[in-house]
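Labels run A, B, C and D following the written order; every chain starts at residue 1.
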Amino acid sequence: MSKKIKRIGVMTSGGDAPGMNAAIRSVARTCAFHNIECVGIYRGYEGMIEGDFTELTARNVKGIINKGGTILKSARSKEFRTADGRKKAYATLTANGIDGLVTIGGDGTFNGALIFNKEYGFPVMGIPGTIDNDIFGTSHTLGYDTALNTVVDCIDKIRDTASSHNRLFFVEVMGRDAGHIALNVGIGAGAEEILIPEEDLGLDRLLESLRRSKKSGKSSSIVVVAEGDKIGKTVFELKDYVEENMTEYEVRVSVLGHMQRGGPPSCFDRVLASRMGVKAVESLMEGQSNFMVGLVSDKIELTPLENAVKGKSEINKELIRVSDIMTT
Amino acid sequence: MSKKIKRIGVMTSGGDAPGMNAAIRSVARTCAFHNIECVGIYRGYEGMIEGDFTELTARNVKGIINKGGTILKSARSKEFRTADGRKKAYATLTANGIDGLVTIGGDGTFNGALIFNKEYGFPVMGIPGTIDNDIFGTSHTLGYDTALNTVVDCIDKIRDTASSHNRLFFVEVMGRDAGHIALNVGIGAGAEEILIPEEDLGLDRLLESLRRSKKSGKSSSIVVVAEGDKIGKTVFELKDYVEENMTEYEVRVSVLGHMQRGGPPSCFDRVLASRMGVKAVESLMEGQSNFMVGLVSDKIELTPLENAVKGKSEINKELIRVSDIMTT
Amino acid sequence: MSKKIKRIGVMTSGGDAPGMNAAIRSVARTCAFHNIECVGIYRGYEGMIEGDFTELTARNVKGIINKGGTILKSARSKEFRTADGRKKAYATLTANGIDGLVTIGGDGTFNGALIFNKEYGFPVMGIPGTIDNDIFGTSHTLGYDTALNTVVDCIDKIRDTASSHNRLFFVEVMGRDAGHIALNVGIGAGAEEILIPEEDLGLDRLLESLRRSKKSGKSSSIVVVAEGDKIGKTVFELKDYVEENMTEYEVRVSVLGHMQRGGPPSCFDRVLASRMGVKAVESLMEGQSNFMVGLVSDKIELTPLENAVKGKSEINKELIRVSDIMTT
Amino acid sequence: MSKKIKRIGVMTSGGDAPGMNAAIRSVARTCAFHNIECVGIYRGYEGMIEGDFTELTARNVKGIINKGGTILKSARSKEFRTADGRKKAYATLTANGIDGLVTIGGDGTFNGALIFNKEYGFPVMGIPGTIDNDIFGTSHTLGYDTALNTVVDCIDKIRDTASSHNRLFFVEVMGRDAGHIALNVGIGAGAEEILIPEEDLGLDRLLESLRRSKKSGKSSSIVVVAEGDKIGKTVFELKDYVEENMTEYEVRVSVLGHMQRGGPPSCFDRVLASRMGVKAVESLMEGQSNFMVGLVSDKIELTPLENAVKGKSEINKELIRVSDIMTT
């Protein structure tokens, strides 16, 4: 039988994402609600090893629900990948009376938590925080919905120039392994073509599609390209290829970059973060461990961390079809 | 067996909502994709009676996916509520060769469609478009997600003043019959209390809650009130009551009003509208009628229009609990 | 000759405005640049009397340049209006070694500073912070540019609904004594009529103008009304009057309210605040007192506080003419 | 004595900028106000040669004041640079009864207008439209204020990640020849260093400054780099140099790109565009030619087009000093 949890540590790790602060706030307030202590761990596993901690109360997490980034900062820790590093981390946690851990992050974060639990039996719960939405076991990761709005807003702006000048734009968006962002913003921004890692469109089909667009009367075009797209090595090579083969187009490239990660979270992400924080803390209190809190069919549910890490977040095939129809 | 659909009419009716234009575009493009003609009907049932129509092609719906409001305009039609009005509408539709109808709107819109179908057997499909999210058979109506972001952004701004002056704000948000907006933005904006039509908090509990807030060290507070809340007759009466009973607070009221309905749709609403438009047209093509297209557990599904109209879109009880914990 | 200033106090007073935090940061950093100490005074004159202070260093004002409201909070102080209150304030300031004061606010704030200087010879400099832009001696007050953008964005949203429903909207914006906001957002949002305190349009001319609009083919209209407009007692009475006299219009009212005061400051306001903070501190260092820092013909200049308080910020007549032409 | 103007052509040329549509609307409405006809010329000088025209009335420019880009589209015309091209343009204009021209654009646009006027005595007026603010004779070009807000908003988002990860970001912003954008957004976003074409900071001073930042306790830094900065050939080379010489920093680059040009214009740009359009049309009516309408000390004034083209828009030295103090 599990001991009663008295003091929960919460940390963020990996790339930051909007909604992380809302999740930290939720963890802290849920702890306060249940009269459990809450400790913020700075800089992910790095701070866990070093004991870089701060007490989190219901009051000192106020005013962060609408802030991007993470007040606990994030870092990648080489030391935690070593057995020695994890030993230190365990010593630091126990020395500080922490008996449960909520980790907010992605695959790497959860892998660390799993090994740590395996070695020391330390109760861990994961909350998926990454704009890429590439985690199995949740329809939405924290930050994903916000990023979609940020990117669509950027492409709306680029569209102003594309339309004014009859140009073709390649817009690179985040998503090294997953095309979720590209596919959704492509539909949302009315892109003429969408290139994602999951599908190999092929250069010829791209050219053919652009020629069809031109013929159908479109004078400007926007092609959304996920970072991890398989066609070209880079979006700049794509541009060169198209310019060589379609001299009728003046081509421009825009790499949206890090700005996609920031900004105040959307209402959806704030509510999701609040729900996930409650579930993570209460699951630890019930003696659960090694689960990720996720959104499944609009409900908050638990998925074994192992599945979250191994599983693949599949692209929605229906959306590919919708995209094809929309670019008629 | 159903005849092959050749010419689909699309209209918006009732209050406008962000995403309606994206849905119109999707209907038009899906028709074009399937070589079906598409006719835009202006001003809802009013324009249907009068024959106020416009051809919609794949090209002339471009540039509207990111626009709030509805290019087809909306109106309430008294005449369509009479048998005579509907008779005229049927005559106009058939005279124009229209053999299927997609109506975008809410309860009233769907009721009209149902009666019309009952009387004339005219194939109709509904798409839920209203910011209130008060329709059964879909987790999200078009415009709801956008409105949540608009409102949360407004309350973030009001919070700046509330915090700077240690004030208590009552913020009235839309939702005459449903507290979906109030409950979600209340959590998202970190409100201290949320008043919704579905729950009768009672004035005493409100005062008690505000007193507890004050005691716990909160110097400013925001109370989100749904239009249809049951406690006070108006948000201004609420203010007076609290000022009389809690002289320690300087109270302000903000009624957000119509601005909540407008603005560019969020990425979510644009994608949802695109998906719904495809489904509506293809369902008509398959010979279906009297259904509403909805989002159920992240999937596009059909619900009988009758259920959509009669059913109740229940508030998520989990969210009420999350809200209670967050305001610790 | 003036003594060398060693320790400057900075405070915000009156209604909060975006850019106040950027000004506080600028004052703190300019002090640090010149090796002067900087003290933040909470809650305006109230905190000055009570000694509610905090040290401000170059580092602890980081991350506030883009935040609305004021981290030093604001309050109205009845006690400071009494000779006794000011005596206490002087005692507290000198006991804390503060020998110069930067006050950020409006008329009331500056009046307090003037009296305080008159009685105790305490060096004071003012920075105009109010969204209303109703201060003489500066073309722009802090927060005014931000408020214009916030309001124009709101009216753009309301326009979506107005156009979709062919409605007439009265939108009330801030400006009790000055029509700067109403006049500029009216032009910026393409309003059909603008009612400001400085001009008495008269109800008859308003009706006539609306009738002309309707005739010229406009199906929807937006009338921007400054709080302090002279025609109607309230915007709701205006609505009633128009509805009685122009039954062809369905009229709606939207009072934008406090949200106009908040939000991240525009780039203009952040830069202006930074410039004003530098000038305020360096002027105190040069032995100046009783001036307000203002923007005059794009240059930072000093105006005697007395003039700032007594003078009137005139409406730009050219804009009224531009507005008349634009509503053709 | 000049003939009475009866029919004015308006066009946009060069890079698009927010506010161009507001200026087109203003030109059209001012013409309508004075009972002059107004013709929109598509694709700049290209469309002028080809006669690609559209009638602009007070009503058909509605709903564009808040749209980025230009409804008249823009293009660069090689043909207009030839005497033959200009001959054709003159023939087309006169054949269409156009007797005055308002050109909205930058240097290149104005040069074309000057030569055209010299050769054919055709009355021309210029309106400065470019986000770079690099035109002499106006404190603000159309689109500049909007771009500042767009860029500051982007850097705020990047700051979220920079702070969360203790990173150094180089953010490249537009401004090939002028550092106006970089300098203002650098101050507005609280950048630690700003690199502009007008000043050669030198690589050593940059390193020194970054080292000082690090020492002073800053854990993250943002360096704003204007496209046309003189230090490095590209922002990527800068990154490499700093990473080699300051291994304590993890450096990231973000090139904001074309998104800076788009989006709804700020209230300032909408009002400025409205004022400039009025002045441009009324100046033509008064028989003026070869002037640019500009904002000088907050007033709308005329500057000879020749001066606008030859003069240099100087950087405000006060801002450089403010920037130095703010990065203390």
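Everything that follows uses one rule, which is that a contact is a pair of C-beta atoms (placed from the backbone, for glycine too) under 8 Å apart; a residue touches a chain by one contact, two chains touch by 3 or more.
What you see is a predicted model, and the numbers here were worked out from it, not measured in a lab.
Which of these pairs, B-C, A-B or A-D, matches C-D in more than half of the residue pairs in contact?
Checking each pair in B-C, A-B or A-D, only one repeats C-D, namely A-B.
With chain centres set to the mean of the C-alpha atoms, which chain is at the far end from chain D?
Of all chains, B has its centre farthest from that of chain D.
Just the number, please: Cα centre separation of chain A and chain D in whole Å.
Whole-Å distance between the two chain centres: 36.
Please tell me the distance, in whole Å, between the geometric centres of chain A and chain C computed from their C-alpha atoms.
39
How far is the middle of chain A from the middle of chain B, if each middle is the mean of its Cα atoms, in Å?
Centres of chain A and chain B (C-alpha means) sit 28 Å apart.
Specify, in ascending order, the residues of chain B that touch 2 or more different other chains.
Where chain B meets two or more other chains at a single residue, that happens at 156, 163.
In graph terms, nodes being chains and edges touches, is this line, ring, star, complete or other?
Topology of touching chains reads as a ring, each chain with two neighbours.
Which pairs of chains touch each other?
Every pair of chains in contact is listed here: A-B, A-D, B-C, C-D.
Report the residues of chain D in contact with chain A in the complex, numbered from low to high.
Result: residues 12, 15-16, 18, 67-70, 73-75, 150, 154, 156-161, 163-166, 169, 252-263 of chain D touch chain A.
Over in the complex, which chain C residues touch chain D? Could you list them?
25-26, 29-30, 32-33, 58-59, 62-63, 65-66, 139, 145, 148-149, 151-153, 156, 163, 184-185, 187-190, 216-218, 264, 266-268, 270-271, 274-275, 278, 297-300, 318-319, 321-322, 325-326, 328
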